[in-house]
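Encoded as structure tokens, the structure appears first; notes follow it.
Letters are used for the chains, namely A, B, C and D, taken in the order the chains are written, and counting of residues starts over at 1 for each.
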């Protein structure tokens, strides 16, 4: 166990907690999503640092999964089919 | 073992927050998220009991159970969301807070 | 060790903060973003508590599929999501029976507080150290020759565990298809035409995603990983393809799709029947001498099944363009 | 020597993450916040990854860290593009 990497990981976790303020506040949905994207990247960095601190490959695999799948949420936000506005009588004025 | 106590008490708080949200929030999507938080709390309770001995030997049985639990949670979430979508399709004039009136 | 304690406190603070805010925030979109972050923090907690298998599964589910499901459903429900939502509408006065009164709220609050008290007492009552069922598990898996403990436990009870997992997934699939009123996802077109940027992304990323799935599947025997994690990653890849504008699972012929959905469940069923006929095999166990190849074959089939079922679940829940009109549930309501 | 260099790069990466978070909180409008985010994304994670690759003891682990970095860069740039386009579409709709 390496205290230097552990401390750095704790520091980055703290940055994530502070960055959460943007998720609370952000007026636009994109603001919240970009804060989430920063969480994702910081999470990958934390995992890599912890992998170096504990010398465990399983942590690196988890980091790989995080990095690979971080795209999905944003792509779903942009590309998921929205509710049709011209459908029927249910549309609100 | 202090870590065990810390995490299992956090799990208790999570479960209670989830139950509270499940009862008090009215939007159906929020209820689904509350259910997911409850299951997260239960998993945390199980995993922290598996960790009681500390680092040398975590009990594998609760971990296998939680792995199955995650499968069940995802399936249930997907089913609930499909049902919510169907409810909205059939009641297009329902309120957003999930208060689906029986319109005549 | 104080650095470890600081990490613990930060992680727990993040968990509690996200879950509290996601239940209390008035903005639903914020709640969904916080839900995805909650999955991320939970995955870090699993790693902290020495449960890397669960961390992998949680990372794949929480960061990938759960976010897609919630965001997609949200977008399908709320046409004007850019506006701030007022969630606490006044109760409707024309139907007073539906309004919770102060007594209801008080009772619910008391119930929650009681639950908290009981659970806390239960936690405090647990013995501080225990070996649990580890010894039994270690004794049971010796013939299997698997090094990784959690996989060993899973494989020992494989024929209960994966069997029922797949059964749950197939049941959820039936429910979701039933709620949408269709037989299969065949013909459910992606919502939009291929986007050049996403096509570029998919070309670069999808090979890595699928190789990561195979890697985790092969890793399952001796390290954290296995059929479910690989299946979830496969499903995420298929969903990404569909969102980028490719047809992914919706282009499969119906027969092949049915086959892929059922192959994981069916192969274990066949093995169980074989084992019950064959005299030397233990009940719901593997035939002697064949455990490793049989396990790998079963795991691969289960991965395929899990991937296809989960991708279908997600795509059907998101909904897309219809190519053929189908039963929409509006026409023949009484 | 490598050890010290790697640690210094990790520290620099952590600094960029801090800068990105501060930018995300303090910048006045959505697009400049996105700009702050990309710095943390590419430079921060990049520096941490290179630092860890320098100090890692096996080639395989270093290669995996490199792969993670490349994947994160590809997905990060795509995400920022998609978010920026979606922001512009939202602004146009409001006008």
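Methods note: contacts are C-beta pairs under 8 Å (C-beta built on N, C-alpha and C of every residue); 3 or more make two chains touch, one makes a residue touch a chain.
Note that the coordinates shown come from a computational prediction; the quantities given were computed from them, not determined experimentally.
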Next item on the list: Could you tell me which two chains share the largest number of C-beta contact pairs?
Entry: B-C
Notebook entry, point to check: With chain centres set to the mean of the C-alpha atoms, which chain is at the far end from chain C?
Noted result: D
Check: When you take the mean of every protein CA atom shown, which chain's own CA mean is nearest to it?
Finding: C
Checklist line | Centroid spacing, where centroids are CA-atom means, of chain A and chain D in whole angstrom | finding: 12
Check: So how far apart, in whole Å, are chain A and chain C when each is placed at the average of its C-alpha atoms?
Finding: 18
Checklist line | Approximate Å spacing (C-alpha centroids) for the pair chain B, chain D | finding: 31
Next item on the list: Could you check chain A for residues that touch two or more other chains and list them?
Entry: 16, 26, 28, 33, 35, 57, 64, 68, 70-71, 75, 77, 91
Notebook entry, point to check: Multi-chain contacts in chain D: which residues touch at least two other chains?
Noted result: 67, 71, 75, 78, 82, 90
Note to self: Can you list every residue of chain B that touches 2 or more other chains, as numbers and ranges?
What the structure shows: none
Margin query: Considering only the defined contacts, which chain B positions touch chain C in the complex?
Written below: 1-21, 23-27, 29-30, 32-34, 36-37, 40, 43-45, 47-55, 57-64, 66-68, 70-72, 74-79, 81-86, 88-90, 95-97, 99, 101
Note to self: Show me the residue ranges of chain D that touch chain A in the complex, using the header's touch definition.
What the structure shows: 7, 10-11, 13-14, 17-18, 20-21, 24-25, 30, 33-34, 37, 40-41, 44-45, 48-49, 52, 55-56, 61, 64-65, 67-68, 71-72, 75-76, 78-80, 82-83, 85-87, 90
Next item on the list: Please name which positions on chain C make contact with chain D in the complex.
Entry: 82, 197-198, 200-201, 204-205, 208
Check: chain B touches which residues of chain C in the complex?
Finding: 5, 8-9, 12, 15-16, 19-20, 22-23, 28, 31-32, 35, 38, 42, 45-46, 49-51, 53-54, 57-58, 61, 65-66, 69-70, 73-74, 76-78, 85, 87, 89, 92, 95, 98, 105, 108-109, 111-113, 115-116, 119-120, 123-124, 126-134, 137, 149-150, 152-154, 157, 161, 164-165, 168-169, 171-172, 175-176, 179-180, 228, 310, 313-314, 316-317, 319, 328-330, 333
Next item on the list: Can you check the complex and tell me which residues of chain A touch chain C?
Entry: 3, 6-7, 9-10, 13-14, 16-17, 20, 23-24, 26, 28-29, 32-33, 35-36, 39-40, 43, 46-47, 50, 56-59, 61-62, 64-66, 68-73, 75-77, 79-83, 85, 91-92
